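Written out below as structure tokens is the structure these notes cover.
Read from first to last, the chains carry the letters A, B, C, D, E, F, G and H; within each, the first residue is number 1.
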Amino acid sequence: MNHRCMFAGFGGQGILSMGSLLASSGMMAGLHTTFYPAYGIAMRGGNANCTVIVSDDEVASPVVSHPDLMVVMNETSFDFFQSWTAPGGWMFVNSSMTEKPVERNDVRPVYVQATRIATEVGDSRMANMAMLGAVIKVTGILPFDTVLTAMVKTCPAKILHLLEKNKQVFANGYAAL
Amino acid sequence: MSERVLLRGNDAIGEAAIRAGCDCYFGYPITPQNELTAYMARHMPELGRIFIQAESEIAAINMVYGASAAGARAMTSSSGPGISLKQEGISFLVGAELPALIVNICRGGPGLGNIAPSQADYFQACKGGGHGDYRMVVYAPATVQEAADLTVKAFDVADRYRNPVLLLGDAILGQMMEPVEIRPYAPNRPEKPWAVGGKRQGRAPNLINSLSLEEGVVEEWNWKFKAKFDAMRREEGMVEKVNTEDADLILVAYGTTSRICRAVMKRARAQGLKVGLVRPVTVWPFPYAVLRETARKTREFLVVEMSLGQMIEDVKLSVLDHAAIHFHGRPGGGIPTEGDILEIIEHVLVRRRTGTVTTRGSVIDWTIS
Amino acid sequence: MEMKIVAERTKLWADKPSPYCPGCGHGIVHRIVCELLEEMGLADNCVFMAPVGCSILAYTFLNVDVCQPAHGRTPAAATGIKRYRPDTFVVSYQGDGDLAAIGTAEIVHAASRGENITTVFVNNAIYGMTGGQMAPTTLPGQKATTCPDGRDVKAGMGYPIRVCELLRSLGGVAYLARTTVHDAAGAIQTKRAMRKAFETQVRGEGFSLVEVLSPCPVNWGMGSLEALRFVGENMTAYYPPGEFKVSGAEV
Amino acid sequence: MAKGKIVVDIDKCKGCELCITACRHGVIALAPAGRANVQGYRYLEVIHPERCTGCAMCAQMCPDAAITVWRESGKGKA
Amino acid sequence: MSERVLLRGNDAIGEAAIRAGCDCYFGYPITPQNELTAYMARHMPELGRIFIQAESEIAAINMVYGASAAGARAMTSSSGPGISLKQEGISFLVGAELPALIVNICRGGPGLGNIAPSQADYFQACKGGGHGDYRMVVYAPATVQEAADLTVKAFDVADRYRNPVLLLGDAILGQMMEPVEIRPYAPNRPEKPWAVGGKRQGRAPNLINSLSLEEGVVEEWNWKFKAKFDAMRREEGMVEKVNTEDADLILVAYGTTSRICRAVMKRARAQGLKVGLVRPVTVWPFPYAVLRETARKTREFLVVEMSLGQMIEDVKLSVLDHAAIHFHGRPGGGIPTEGDILEIIEHVLVRRRTGTVTTRGSVIDWTIS
Amino acid sequence: MEMKIVAERTKLWADKPSPYCPGCGHGIVHRIVCELLEEMGLADNCVFMAPVGCSILAYTFLNVDVCQPAHGRTPAAATGIKRYRPDTFVVSYQGDGDLAAIGTAEIVHAASRGENITTVFVNNAIYGMTGGQMAPTTLPGQKATTCPDGRDVKAGMGYPIRVCELLRSLGGVAYLARTTVHDAAGAIQTKRAMRKAFETQVRGEGFSLVEVLSPCPVNWGMGSLEALRFVGENMTAYYPPGEFKVSGAEV
Amino acid sequence: MAKGKIVVDIDKCKGCELCITACRHGVIALAPAGRANVQGYRYLEVIHPERCTGCAMCAQMCPDAAITVWRESGKGKA
Amino acid sequence: MNHRCMFAGFGGQGILSMGSLLASSGMMAGLHTTFYPAYGIAMRGGNANCTVIVSDDEVASPVVSHPDLMVVMNETSFDFFQSWTAPGGWMFVNSSMTEKPVERNDVRPVYVQATRIATEVGDSRMANMAMLGAVIKVTGILPFDTVLTAMVKTCPAKILHLLEKNKQVFANGYAAL
């Protein structure tokens, strides 16, 4: 296996934590994994993105130009990154933020009402976890439980009080598809 | 406690430095190494150690000079332009025989360039960016794990030789997160009776200095330094060889490009092409002997760098005329692709040099000019 | 009647001639620094930071730990030492080229951080060691090899920088004074100011600096007495002696 | 008898005369032209020992720390 | 008026720069190049040109950057430590494609070292002391005459390629007086439509810059620079060959050591030993091809440097395994003596490698490690 | 009734979005600079020196000659240009990291030489471009990535440097003022001071500098209105706006 | 009729609201949530054109030079 | 021919001008010549020295460690440099300044009352020219007239009024031996 994933959206949408959670989960599953964020001034516009590779072999470059798993959390990212997805790859769209249809027919679109799912349980900032749940479910990259364990293990102290809600949102995202 | 955690390269270097007993960190912001400075800002003070955001890279390296003179394990980090500014300071550290760790998380140049990964500071690191005859051990880790491990080693080696050591990474190494085991390091920290400061209690005064106007004295020092450099050459070289025994073509690469080459090697092997890899872990001392040895059996070498070709001169110095050397390089922040590298391998091993190689930055049968 | 020694060569001064030219102010200032280190019991604990400048040669005859960093970076290196070994008494000695030209950023920031070190700033209005080039403190009209017709401020050669006035606004500065050594009264005053600066460091109050107006007869092309007069008349006119800051407050 | 006394470390002296300007009592002067110390300098001589007050002004000015000064006791170190 | 006058190297460089139309000189004092700065202080203002004693070497190189950006012929000079401080600025000049002349009158290092002659800044000059992939033409004059002539040429070459050029001399070259003919030079000064400043009168804005954050742009620039460097390699190399046709041993040396080697060659010839000399006049581009060619016939090479051995790597890259390479070097301000060099020649040619060579800094059958 | 345009986009500003974050003070200051260049007829003759900092991106949308030197060396490069082409109008734009940290020596000496250039100094108390590190002007207690618990001056992180107060003693300084852009009145005042500075250069009086207190909402982690308030309340309290020097005389 | 008039270059606007704080007459406001320009920002809208005095305070504050202001003539350029 | 000369004395004694005059004369005589001064901090003690090579072949290094023509103008230089003179070389001593006897018997000492000769015509600062006259006479390195011509040609404008006296002193030095 060799999953090459990209996550993109606004800075506030937890793009980096969603990516690093996937990477941590991969690590805990004993797989090779890298996480590579856009950094520097690229961040400044308010957009964020990162790439994650989960593989059963060593990872060469962590840079991913053509992800086979693309996750876009808002419309700007949708517009910008649609064309980057590798032919045959997944394209997960946060359909709470954009209703534009994927215009390519060589990718597999998946629409997830991530923000809505998140707001039902917690708040919109948990949309990343809803989306990750859906991604896990549809792609089967990693088992549900592995990600949940990783979430608990890596949860920073200062947002520990939000952990339960995050778990719930993740589960709901998983269940939604 | 050695547990695997997901760490960013910059953070891993910081954490490893702390575990190596780094007493003082002096830095100045520059992308793509900012997280290292920020890591030290967060963690050094809480351990009662010294963190200063200096007014410049020059101030930082000179703070390192002072702290090291006083016996501290001291370090600084920067990238391209900032490392250029430290060249005088590095030369002074060597001249005054002061240990230190300097981290360069390279970016695209020349000039301000960009903040993309690059290996174009190889010459500066290995041949002497500063003035005068000097050498430093230069570690070029390829993984975050190795970055952490070599950081610890670097402090020991710096102290052993009383000489600065450079850790050379690129933006990918600095920014990427990978699983790391932060081991229970046992740094080897010698006494420093030569250090200035503290109660003298009768000992003769110590002097930290690199100047002498007496005839012949600086020359004597240089002979002494040469003996140290020779010892480093003998003792401190590190290199990884993979699949070189039966190889028809050997890839030579360090750091991030070596990861790409390793993947290429696997793909080539899967196609039945006998490709091996030599990865210098220290780019100084350079593994001349290892490469020379492999060139007895293998007739094709392919050097891959994120530069216009710098390490390739050292490969040529190893291999000489005994094998053909090919090159693929991307300057200014470009990252070589597996496909481009594979194309050269196929050109050489499969197409037997027929047809052309179309990728920019590729040279078949490289010669120096 | 019995006699007592009231002035003698400090023990920190080796039994050999100093490396400085006849009549050089560095000797007077070194002597004062050494006397105070001895009198205040700081010698055993002291690191003397020598700049790049004539006084780089301090190590050849002073019996203290010496650390000699790159040109102008003395305050940065002193910072490194003092932070790592706060128990050490740090004298950061600098010339006007070292401090006020190439090292401008380093002195401003060491001062601004309030580094608990004492800077001894010997202003001789010239680059001594390199053979008499214009310094940032060279007076208007004064000649040097790089302003052979005299420093012409209107021609863009720069106005002489008054270092104490430059540094006084900085938060970290605890003690700041300017003195001269053109006569014995000045030398005594210099020692007094230096003692206050040293005490400032001993008390941990922060950055202290004493600027000493000082002759360089050789590169001024003057006899040593003429050079003294130049300090007393021309330099003190442009660089008024006095205290600028005491215990962090402007005076 | 004079209240003070100085001793010059002749071989350290560089003949700069700074001390001479400091002495208000005409106690000291350079050795006559032609007389030089090991360093090749005309050195300092005491010409009127009887006038010395032990005020140590000369020593305050000497860049080569070549002068030791004694003063009648009871006054302590300067 | 071309008349022979006795000039100090530093003064000759200054006078030649003035005749080459140097508009702006920015410098900072450092021995052993002070006379050059003083010369410019005396003569530039009287010609209505710009002289500034900068606050530091860094300020000086950045003043050069500004003046050159505005279209001036600009130069700076320094020595070892000061040149190290200029490395960031040099890399910026290349990145922004700005012509300039940088003079390094080398002294003994590393650190503050001493003010004696040295050639230990070769690596820094030729391989890249600053960050990023870049190259500059590096002239290494051996006489005061050549220092003057090459200074003029350097300005032309800098303008032609929009790239800095370095003049590499040692303290002997800077301090020595020799007869010089200051020729009626005809500098070749191109239009600079790219310069900033002055009345724009409708033209599109000009930009002097080395940064781009758009993906791939800096890489493109680097490919363009590479084409320039390749053109310099083809066009700008200069080398002197003496008595190489029949030589059994060829001395390789540049600058001051080449003078000593020339004398040694004569003495050796007088003894009937067939000794030749190859003197790189540009140490970058290095005369790889010329040396490679001579190695077809000559089997022994002796490299002499005032360093621990830097240019020798380039000689090895030329000669490879085709001839034996020997070395004599003196670091930290030491000057090789004719006798010591002759001893090696005799050891190789007369004693046929029997017996030992006792001089320090001599290596028979040098290999890299 | 007829209407006239009283404010519009300056012609020096290209028809595309600026590269700055929403609510960034750089935009306001750029706008003012461009308006003045146009109004004073200096645009065609101007070299805009862009620093290393967010405003390095000025070249992407301003229609003037731009020269972009190394970090902090803007005043030195500006010196090179202005000396060689005195007929050129030089705007030397710098951020607080560029000017007051790494470039301290260069600004002090350009000022001391009285270089006939105008420095536009945007003090936003942070390193914007590199993502929010402490600047020399970061306020006590203010947080940044390299002082995560807030700048602690007592812990040796340095006192905020008041640049106008630092430079006022230098001979070559002709015009020196501090303004803010936290409200429209401040912006108008900024434009007025900048005009005086530009006139100073046009008259050839020497070095002029306007320090503008300016928000960096993104790296302060604030909304843009909150950031304006921070400038208006906290920054102006530490950095009092006003004129420090006019035509070379202290005010 | 209003004494002033402004026109917003919507696609340049970044929705920072600096202009809004400067306008003492409540003329302007951000577009409702969900409405964004090409850059993806909520942009400035004129909600009470009749109140505009043409004082140009809004334009003084706009970091993106996105506002053009007209004023009844006779007063000249600000 | 290959003359390797060193001149040493106090800074004020015109050591450098005496060396450079010899070098200029060599140049005008069509010979190869170099002049190399002690520089930098070495000068500070008040002493000066320089080396000059006059040769009919190209000059290798201008540095001379063992001159075959040593000129010492004062006692300090005498003490310091006596041992440097090459065996068989000349050693010229300004006997107005020191009367110490040369202690080596493998060098050829020549005593010249240079300062006295100079004061007789001009002043003591012209002792260098007196000495140079003597050197020329004894060693025959260069013809008298060549040096005289060089003196005229290279005389800086601001000491032109002293030229005649210098010539006279030179001639007297030449005549003295």
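Just so we're on the same page, contacts are C-beta pairs under 8 Å (C-beta built on N, C-alpha and C of every residue); 3 or more make two chains touch, one makes a residue touch a chain.
Because the structure is a prediction, the values reported are computed rather than measured.
Engineer: What's the minimum number of touch steps needed to get from subunit E to subunit G?
Structural biologist: 2
Engineer: Looking only at C-beta pairs that count as contacts, which pair of chains has more of them, E-F or C-E?
Structural biologist: E-F
Engineer: What is the distance, in whole Å, between the centres of subunit A and subunit B, each centre taken as the mean of its C-alpha atoms?
Structural biologist: 34
Engineer: From the mean C-alpha coordinate of subunit D to that of subunit E, what's the distance rounded to whole Å?
Structural biologist: The mean C-alpha positions of subunit D and subunit E differ by 54 Å.
Engineer: Where the centres are mean C-alpha positions, what is the separation of subunit A from subunit G, in Å?
Structural biologist: Measuring from centre to centre gives 39 Å for this pair.
Engineer: Cα centroid separation between subunit C and subunit F, in whole Å?
Structural biologist: Centre-to-centre distance between subunit C and subunit F: 34 Å.
Engineer: Of all residues in subunit H, which are in touch with two or more distinct other chains?
Structural biologist: Answer for subunit H, listing residues that touch two or more other chains: 40-41.
Engineer: Could you list the positions in subunit C whose residues touch two or more of the other chains?
Structural biologist: 21, 56, 68, 70, 83, 101-102, 104-105, 108-109, 113, 130-131, 136, 156-157
Engineer: Could you list the positions in subunit G whose residues touch two or more of the other chains?
Structural biologist: Touching at least two other chains: none.
Engineer: Note which residues of subunit G are touching subunit F in the complex, please.
Structural biologist: Per the touch definition, subunit G meets subunit F at residues 1, 4-5, 9, 11-12, 14-18, 21-22, 39, 41, 54, 56-73, 75-78.
Engineer: Which residues of subunit F touch subunit E in the complex?
Structural biologist: Touch residues, subunit F against subunit E: 44-45, 47, 49-50, 56-57, 59, 62-70, 73, 76-85, 87-88, 90, 105-106, 108-109, 113.
Engineer: Spell out the residues on subunit B that touch subunit A in their complex, using ranges where they run on.
Structural biologist: Those residues of subunit B that touch subunit A are 4, 6, 31-32, 115, 171-172, 175-179, 256, 259-260, 262-264, 266, 335, 338.
Engineer: Note which residues of subunit H are touching subunit C in the complex, please.
Structural biologist: For this pair, the touching residues of subunit H are 40-41, 43-46.
Engineer: Considering the complex alone, what residue numbers of subunit E touch subunit C?
Structural biologist: Counting only subunit E, the residues touching subunit C are 28-31, 34, 37-38, 41-42, 45, 52-53, 55-57, 81, 111-112.
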